[in-house]
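You will see chain A twice below: alongside chain B first, and alongside chain C after that.
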Partner chain A sequence: MLKQPRKNAIPSIPALITFFLLSSCNPFSPTGDLKTFRVNLGTEPPSLDWSLATDHASFNVIANLMVGLTEFDKNLKPAAVIAKSWDILEGGRRIIFHLRDDVLWSDGKKVQAQDFEYSWKRLLNPKTASEYAYILFDILNAEEYNQGKIDSPELVGVKASDDRTLEVHLKHPVSYFLSITTFEVTYPQRQDVIEKYGSKWTEPGNIVTNGPFLLSSWKHENEIQLTANPDFFLGKPAIDKVEMFMINEKTTALAMYEQGRIDFIDNQSIPIFEKPRMAKLPGFKAVPQLRGYYYGFVTDRRPFDDVRVRKAFSMAIDRSVFPKILHGGERPATSWIPPSMQAQNPKIGLNYNPPEARRLLREAGYPDGKGFPQVTLAYNTLEDHKTVAEAVQGMWKRNLGVLVRLENQEWKVYLKKLKTDPPHIYRSGWGADYPDPDNFMKLFTSLSGNNDTRWKNPRYDQLLESAAREFDEKRRIRLYNEAQRILCEIDVPIMPLFTTTEHTVLNPRFTGLEFNSMARLFLREVRPASR
Partner chain B sequence: MNAAKTVWNGVREEPTALWSLIFIMAVCLGGFLAPLLSPYGPGGLDEQRILQAPGSSHWMGTDALGRDLLTRVLYGARVSMTVGIGTALIALLIGTVYGLISGYAGGNLDHLLMRIVDVCYGLPDLLIFILLSLLFGRNIAGVLVALGLVTWVRFARITRGQVLQAKEFVYVEGARAIGASHARIILRHILPNILAPVLVTLTFSVPGAILAESTLSFIGLGINDPYSDWGTSWGTLAQDGWRAMRTYPHIILFPALAIFLTILASNFLGNGLRDILDPRGGSQEK
Partner chain C sequence: MARFLLTRLLHGLAVIWVVITLTFVFMRLAPGGPFDRERRLPPEVLANIAAKYHLDEPWLKQYGRYLLGIARGDLGPSYKYVDRGVSDIVTETFPVSALLGVLALGFAVAFSFPLAISAAYYRNSWTDRSCLFLATLGVSLPHFILGALLIWLFSLQLGWLQPGRWEDLTSTVLPTITLGAAPAAYLSYLLRSSLVESLEEDYVRTARAKGLKEATVLFKHALNNSLIPTLTVLGPLSAALITGSFVVEYIFAIPGMGRFFITAVTDRDYPMIMGVTLVYTGLLVSANFFVDLLYSIVDPRIKSH
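Presenting the complex of A and B:
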């Protein structure tokens, strides 16, 4: 009998705190404004130039500033936006996009087919040095132009035949091209603006956009503000203003949500330990993602130039550990194409096998890890990545006798370091840009600017080329199976670890936020919940 | 040796000082004997024991990777105590020599040296810690040097003040009159007479250094190497734990408690020593 009141007394303290926190976000408080929607980006976006952006934070801003030819509907099928219709001719080798007449840039000019032609050629221009140029390599002469084999952009198979018509010539028919045009890097750009402001064209005041929101301020490393575009051709959004914070520390971001100072949080803002508690909040959703988490080996230097060492490291990891330590519904993976995507095949990959891993390491000249050089595993600074890295470090130590050094940097610095001074092993993730295995697999081709492993395999490249133009599902899957075997079993430049699930909580005062399996934060439809 | 006896007798008479001394010795011993005391290792991963609450097999519970927290705290004592005592000794060495020279030489040299100390005193400690620890790297030697270079100024001031007094004593004048060398005067006649206040300062700078190291670790600049013999410092453990404060409070509670109790004990010990060594008025200053 005595125990009862005491038991109640303990939870009442958090309850009391919550009460005070909640009372601060009632509609009368200035923070409870229903016209402003506040989110956490988690980090400073490295670039808002959609030819140069490569990461999640940047695309989440761009996706609200811009629209392109097509966009995904709720079933992840491409639907018309600026393109009102398209003709697919010559068995898929030629696509003609017919553009709407009523889409305006934020300075009042109309969006024209020439803006697309300029943007795509800029993406491909070797001088732009875009890491995403390869995404358009299905276009005639695009790869040749990007690789400097031809100088004239005139020969690239994209042309505005008039203001409203964009003609695209492909090297070969590809099944997913209309999905590519949903991707931000293919959005139109204004030649006059970019030439006038140079690298400063993405700053507020300079940037010209066509989407539901306008970039009104960008305090670097701190906050981005968007305002609703009153002239957006699909109608002005219901919220007037969006505030995007760059809070790296998840605990801080979560506290801000609970104080009513942020309206939406996702994995970026939920600490590992709080995930079970979040699942009980109103507005909670768990959305499985088309997003793979992997460790890449930099294969052009010792000791990871030896495939046996790479295999040993991959086989020494028990991937079933990750959901237990991350608490976020992670699905362990030994192969690269994620679940619910075509050609996903969980049977491919190296399974946990410590004796075999030790044998391979011995064969490579490091019995029980003896004589193994000092190697570094790097990750970008984040609690989850640290937890994964320490767990993996522990398993390598236990199973291989190798002690790997851990190192971490802030996101922007980290991305730069991967290009200039890579560690031996690096952490990375890949979220789908379009829901086709092509997007996942092409990441590791010889010409992919996002392939930081420095691994090249002509057979792999060739398989992906064939798979891209293959319309027969069975044959296509067979090609991807072989490519995945090269990637995850034979050459092993990467070791996939798991695919992620996004945990999101939307303040119940709002509705209409659609968070899809590609983790894009589309705020166009957000509106106050009707009471 | 008489002095040591005085100290020991004094400590025995002051229960807080005595218990503090015992506690600090226990922490040092615990850190030293950690591999013998604990059946678990400080690093690694134990997927069967993730986030267990304190219980009979894990007295302080386990952390997010299933590592035994008591073991980590014991290993952490190695870093914290080494940094605490090591920094104090480095600071003692630099500061005392500096203060002796300054006070004994007097005149313009004294003036110059003390202005340098003033400048060093005015610099914000934490900022300098951060800069120096970036310079020297995230290892135990780096942290020791960084903290030592900041804390020596207190020793320099106190030593100089004491030397200025001692210099005027009759026996120093006598030594000088019979032609003793400067070195002999400093080492034989001045130094033994100023030891007491320096020793007290030493005791007080230990907790300061432990706290500084914990702060550095907490903001992510400290020592984190669960596989070396040094383990992970208490500050880093607290940093790991604070995110779990609402869901698994034991992860931050125990490292924080270790920091708190060790600092408290060092302060009590310092107070006790001051009372014993300076019977004239120390207790009124408290």
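Presenting the complex of A and C:
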């Protein structure tokens, strides 16, 4: 005979619930020593080859392994790193970088100008098939080489004239070129290492780097470990070791932080409903990002081929609601260049003005929205996008009497649809590759592949062209002001809605971490906080 | 017997080929490509990428190239993890998923057998009803709820276990329970009902009438004859468990293969989609093959058919 199970083997449900409720909040003290710093990367970096990397996870590792010619200072201006100085010649067509001679690769060799020449030409080589090759297309013959129109890399306008001098010839004066040299894809590379190991050159043991940390282990989909570089030319970092985890799920990452198993978290480790609680924690910081969120009109589709209708729709949106419904510290925006970037101008753009919006719509032939055709607002499937779309849909209904149809699609399907069968209004966003207005404004030029509005304005193109060549800051700002007015006030192919903010929490045991407005994480200055 | 095995083997290979072909066609029919990005790439850059991965060739040629690759054991490059081949990724991640799957399967079997046997034996008693309740709970609680609940209880409140990452033996506990709960419930449900049926059969009554020990009646006569339905599901269940679960691996940050069943599709990483599909199909076919073998041992009548 089998024995009868004990009566109390299964605890009763009410008892369990009571137990849950009575348990207090996390009482655990942080674990880990002060020489190791642990962060969540969120995901496996697709590539640590800076000619092939395209995403934040990869760049956040690379940014701690490597340094380049320049980096951003606190005001997002390019400051010297490996380049100790530069000469801008021939009205901006030629730039000569003079390199320091005390920067070492991790195998002891000196970083030379040839390493930059190799890296840039590798980025442009069609066989590398780099997605970011176009970032260097301002260089003489760079685009032609990438297109395969010329075979010889010798003709590309970048050359090491000696070990310490890098000479760059541009197609035309480019005032933002120094900003490009802050971007990881322009960091130097070692030809001998890449040729020796092929696609495996980024694995620990093979990779050769020059930055504050060294790659000591990479367990794919799990963890990357970095160790301080004792020979880093700006001095060894204060922490000995960095552990970068790849935890996709936000609630798990946050639980790890609360257990003291992670020392720093950002948006990819904070679920949206936890944001208000995080804001009260010590070590919390809201970091405004150079990332804009907008709705675009497909300007050759009725009724949005009429600028009055576009203006009416833009003026019927009360942008102050976005931070309230998204809880992410969003900054409402009516103009396109984001805050803390050169030429940002919050006075530009169409403000919330329902009576004026109604008047414009009436003038366009749709009094109180009567006779307005069925139009669609499309977004890619994501909770935040849905929240925004529904709020905006409500405002248009209230203020204009127009009920817009919402449509959502999976990301890749959505991208395809924007090209082949665009909706009347679409959602999109843009994050800066480098903090120059050119990177933002160029999106809407006539030939831009990112311009899904199908709007073209030769004056806008011309202003951007002139601004790109303009070295005088005041004149440059004036040019961008005029271009932004065309974009956000006069022609209105887009409605900027807000710029995003990244929420970060640093364990108060540490200090010195830098998280910048392009979501880049710099750990070189991290050190234990003095008590 | 040899003919039976050979037929099964050929049948399995045909299934794998059909699945590869259908997957190849369907993934290319899905709108959007692997290099469609928010940041649109200039046409010349796209052309270079297409040339690198032979995406500019006709489909048939790509298909032929892929089949030749498989024959050589090469699953091609990943379009997303550009420095790694699909074979590398599968080789690194599959053992993790397999270990978790085996643990979960072990948990499911260890949990379900005693539960089902006691439920069937004391059918309609409170024991049976409690087992049924547990089984229903296990089947209906989705992974993400159960996982979150376990993390909340054992990590955040009690501080006994870590909430995520795959490091040592203790880190396997929560994901094993999360992944194993539903199969445990399902198996116990299945086994209970077939056992209940067996216990009412004439041969059980005869065995009892002969004065056999109750344990012998239960384990030797009744249980043995109730195993067929359980074995039938164990095959595909094992294949599903050891290839990993997207949700469980995602919640507990486990470096397994399960996540790629979803991410490869959303990334349109064609070779990765093919790779995981191939591994899954291969396992499913082999699992079914072994189940067929087991059948013939448990019930000799099957072999003779």
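Following the convention adopted for this analysis, the second predicted complex is superposed on the first by the 309 of 531 C-alpha atoms of A that agree within 3 Å, B and C clash if a C-alpha of one lies under 4 Å from a C-alpha of the other, contacts with A are read in each partner's own complex, and residues count from 1 in each chain.
We adopt the following convention: contacts are C-beta pairs under 8 Å (C-beta built on N, C-alpha and C of every residue); 3 or more make two chains touch, one makes a residue touch a chain.
Just so it is clear, the structure is predicted and the values come from calculations on it, not from any experiment.
J.: Scan A:His220 for contacts with chain B and chain C and give back first, second, both or neither.
T.: After superposing on A, A:His220 lies in contact with chain C but is clear of chain B.
J.: When the two structures are overlaid on chain A, which partner does A:Met278 contact: first (chain B), second (chain C), both, or neither?
T.: neither
J.: With the two structures laid over each other on chain A, which partner does A:Asn146 touch: chain B (first), chain C (second), both, or neither?
T.: The answer is second: A:Asn146 touches chain C but not chain B.
J.: So, does A:Glu390 touch the first partner chain B, the second partner chain C, both, or neither?
T.: A:Glu390 contacts chain B only, not chain C.
J.: Given the touch rule stated above, what does A:Ala133 touch, chain B (first), chain C (second), both, or neither?
T.: A:Ala133: touches chain C, not chain B.
J.: Regarding the shared-chain residue A:Leu361, is it in contact with chain B (first), chain C (second), both, or neither?
T.: neither
J.: Contacts for A:Leu382 in the overlay, against chain B (first) and chain C (second): which applies, first, second, both or neither?
T.: neither
J.: Quick one: chain B or chain C, who's touching more of chain A?
T.: The larger set of chain A residues in touch belongs to C.
J.: Please work out whether A:Asp318 is in contact with chain B alone, chain C alone, both, or neither, and reply first, second, both or neither.
T.: Only chain B; A:Asp318 stays clear of chain C.
J.: Mind working out whether A:Thr251 is in touch with chain B, chain C, both or neither, as first, second, both or neither?
T.: A:Thr251 contacts both chain B and chain C.
J.: Starting from the residues of chain A touching chain B, keep only those that also touch chain C in the other complex, and list them.
T.: On chain A, the overlap between the chain B and chain C contacts is residues 251.
J.: For chain A, which residues count as touching chain C in their complex?
T.: Within the complex, chain A contacts chain C at residues 1-2, 4-5, 10, 20, 23, 26-28, 44, 46-49, 52, 54, 126-131, 133-134, 137, 143, 146-148, 199-200, 202, 219-223, 245-249, 251-253, 255-256, 258-259, 261, 410-417, 428-430, 449-450.
J.: Which chain A residues qualify as touching chain B in the complex?
T.: It comes out as residues 14, 250-251, 271-274, 276-277, 318, 320-321, 324-325, 381, 383, 387, 390-391, 393-395, 397-398, 403.
J.: Give every residue of chain C touching chain A within the complex, in rising order.
T.: Listed in rising order, the residues are 30-33, 35-45, 47-49, 51-53, 80-84, 89, 92-93, 117-118, 121-122, 127, 130, 134, 148, 151-153, 155-159, 162-166, 214-215, 218, 250-253, 255-256, 259, 266, 268.
J.: If you look only at chain B, which of its residues touch chain A in the complex?
T.: Contact set of chain B toward chain A: 43-45, 47, 50, 64-65, 220, 226-227, 242-244, 246-248.
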